[in-house]
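This is the structure I have questions about; it appears just below.
Chain nomenclature is as follows: A, B and C, assigned in order of appearance, with residue numbering initiated at 1 for each chain independently.
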């Protein structure tokens, strides 16, 4: 009697667990569908003709005659290559500078003692809460005075020295035991060497996280380039795409082909680095 | 040369002695500490002169530390700190960017309440923030909890949820405006054919009362993957023992969430809400791309603060006024962040 | 203590920048003031040759061109707009020693970009193209343009040749630009659609009632094979400015009740699927050329700049000529009791910057482009010069690809031209307010009356300032 009750209870518990699992998968699939359908739509529309894009009855994902030449035409309709070149250049330089200078400064904040340390760090922290839009106008006026208007260099200056990067790297370095550095110092290593030989190799997760953040935000930035980059030969892919949409509003297939192309680099970077990503976020104290 | 040195040494030493006296007389511990630090500095300067060293060990240490900071800090100071201070000054000026600026006092701020477009922008921005912050938080937390379970293809689901965050705004808003197209889009087509909504009543997703809802939905969709990763990192920091103890006490899933997960995630939630609030106040490109139509202009139903800052600066060249609006934006972010800090502190005490 | 020091340092640094920013300003504004008050001394050389505009241009160039002069000229869309290069080459060919250097600022935000370029120091443009009146107003108020009055008087240019357009952009008695291109609005129509529906073509003398009836007659709202009787682009000009054609009203009035009948007409056309829905157009950002070349729009009200686009796009095969190849134009419809031929215009002008070091040479170029010779170059590339006369319209009507019917040719003659936006100090802000509420009305967020009431109120506020 007792035995059967127990096994009944056990069974019902098991059933509940299975039901729960099914429920979880159902929710997950639903969310995944919401997340991915717009991207599938984008891919599908990029090989359709303009009339097929909005054809609902019947709706097909892959048209009978896929228009692959959308992917070729888009390069000639707008100077896409130039836009890609500019964006790649900007993104790589900004990401590189950001990683280098942030990790450099963060090492100092995390592992060294010096005068005005707290005041300097406070200056960084205070600006994290300051939306860029608050000071974009004075910043622009200043840059123009420096002759940086309509120069890619302006975008580099703007994005390469963020407070966020220093903050993120500092949080990570603080998690590395100080004894490591102390031991190296006793061995007579200079601070620069300690940074290069000990800290940097340890900070892969944090660097990956920062790379993803910087890469994504630079590649996808819109308002910054809109304000600073005016002539067509300086424009980034986001501005170029927006310009194209303005001019060829009804060429849906081409617009979508351009959109797909603009996504590829970020997605590659993300997929390459994502295995460090959650670890990086966890160890950089971003979780709070 | 040597005479000079001797004189300087003399001066430093008398200074140090004088400070010693002051330190003895001082009662306030904080001030005492400061004085002691000052005396030490003077003493070490004196020592370095005595030992014929050009710079003291402390100074050398500082220099090394500064050399690490300098590359970033110089860029940061020139391109961020100075413009920020400049923005504060500008809010009290009248300037068109060409003619000589003049002092405006508070007149830029006095104009704000009468400005219909500013009021509309403020209202829309607040609605957007109030709608987006809780929704994104709940959605990302729920997703993180689900993805923290033992399930198959975890990596795949995680990657997919992060996709919208990585995707460029221009590309993805183009897709959204097709999917939600008022008369041809698949969403309205479903409403028409499956749900039997009358053609006249089909929702106009990008104008009127619905446009803010569309913006909110879009933001939740785009950014929930990002905050999910942060929550996921937070969840992984919670020790499994807590849950085991909870199971022993017979807690059900909901109770475990309420009494273990939620309190343990408090600091993560704090961080997420602060970041979300800041990011939501900055909304601009989403609004322009989803609601701007062909010319990128926003009507009163969709205008937001940053759009109005941009308009005033680059279209009307009323730089002082645009800076004043920026100050309002900043003040709101500041107040909300401070309130959250307070709250966080109170709870943790 | 430490914090204090940092803040002192920063404040110092900031002050330095602010001062540096302002330091260069008095110089600029001083320059501009000098221009307004006293004629630049160099002008006298030009005054020596008081011939007619054309001859003077040559003489001016010689006097300015003792040595080689390079003029920097701000333009947009160099590759897709044929006349920039044609103007440059023709001018350089007839003026030895002058080189024109063009800088393409793109058309999308041209005026914003230009205003940015000209703000503060550092710009080296001599001649700038002015795309629209709000942009012109901004540049004038920023003291970045040179007043041209003394130059015009010295060169003996007769402003009446511009048909009064110059008066609509005069600022406090001074003119800062000379128009060289003048587009006016007409009705484009697709003859094939009218033929298929068995409806008569539109004419050069239509009242708005007739126009509305015609649009309704030719439209076919059957789902799937829809034909739209007419099409309104999302610009406010496409609807609001029907109201100024009677000559009684202007968009600077501050009272906009006269928009009402036209909003009613367009919205009811929308309701009956006579034209495309504004909300749809706005959501997809549909360009008017895409709408007309799609072959399902019978009539389109649009500026004359679309003529050369249509001709060249049909020739290059970019537009399918089976869809829109058989087109024509007629004059704008008119209100009851008003003479036909009144229409809206948009001028494009050239101005000399106040920082230019070669103002005489720059003005000479401006005068040449906006004069008879420039007009000829413009017409040959299929565009409408500001200096319109029979010869010029003859050139355009004779272009290959221009519709051969008489009505289309006749449509080129304009009796009254009202600028879409005449000059006013706050024209930029007024323009934006009218845009905003146009959007709200067309999106049906507010009723026509509410929208117009808001326009009256907001523009009133601006005018009261």
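Note that a contact is a pair of C-beta atoms (placed from the backbone, for glycine too) under 8 Å apart; a residue touches a chain by one contact, two chains touch by 3 or more.
None of these values were measured; they are calculated from a predicted model.
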Item checked: Of all other chains, the one whose Cα centre sits farthest from chain B -> C
Checklist line | Which of A-B and A-C has more C-beta pairs touching across its chains | finding: A-B
Next item on the list: Please work out the Cα centroid separation of chain A and chain C, and write it as a whole number of Å.
Entry: 41
Margin query: How many angstrom lie between the centres of chain A and chain B, each centre taken as the mean Cα position?
Written below: 16
Item checked: Contacts with 2+ other chains: residues of chain B -> 77, 81-82, 86, 97, 178, 181, 184, 294, 314
Next item on the list: Could you tell me which residues belong to chain A and also touch two or more other chains?
Entry: 115, 120, 123, 141-142, 245-246, 249
Item checked: Residues of chain C touching at least two other chains -> 17, 116, 119-120, 284-287
Item checked: Residue numbers on chain C that touch chain A, as the complex places them -> 2-3, 5-6, 17, 20-21, 24, 103-106, 108-109, 113, 116-117, 119-122, 284-287, 290-291, 294
Check: Given the complex with chain A, which residues does chain B contribute to the contact?
Finding: 61-62, 64-66, 68-69, 71-73, 75-84, 86-87, 90, 97, 143, 146-147, 149, 151, 157-172, 174-176, 178-179, 181, 184-186, 189, 193, 221, 225, 229-234, 236-237, 253, 267-272, 274, 278, 281-282, 284-285, 289, 294, 305-306, 309-310, 313-314, 319, 322-323, 326-327, 329-330, 333-334, 337
Notebook entry, point to check: What residues of chain B sit close enough to touch chain C in their complex?
Noted result: 34, 77, 81-82, 85-86, 89, 96-101, 114, 116-117, 177-178, 180-184, 204-209, 293-295, 297-301, 311, 314-317
Checklist line | In the complex, chain A residues that touch chain C | finding: 115-116, 118-120, 122-123, 141-142, 144-145, 147, 149, 230-232, 243, 245-251
Check: Hey, which residues of chain C end up touching chain B in the complex?
Finding: 1, 10-11, 13-14, 17-18, 22, 25-26, 28-29, 112, 115-116, 118-120, 138, 141-144, 234-235, 277, 279-287, 428-429, 432, 435-437, 439-440, 443-445, 454, 457-458, 461
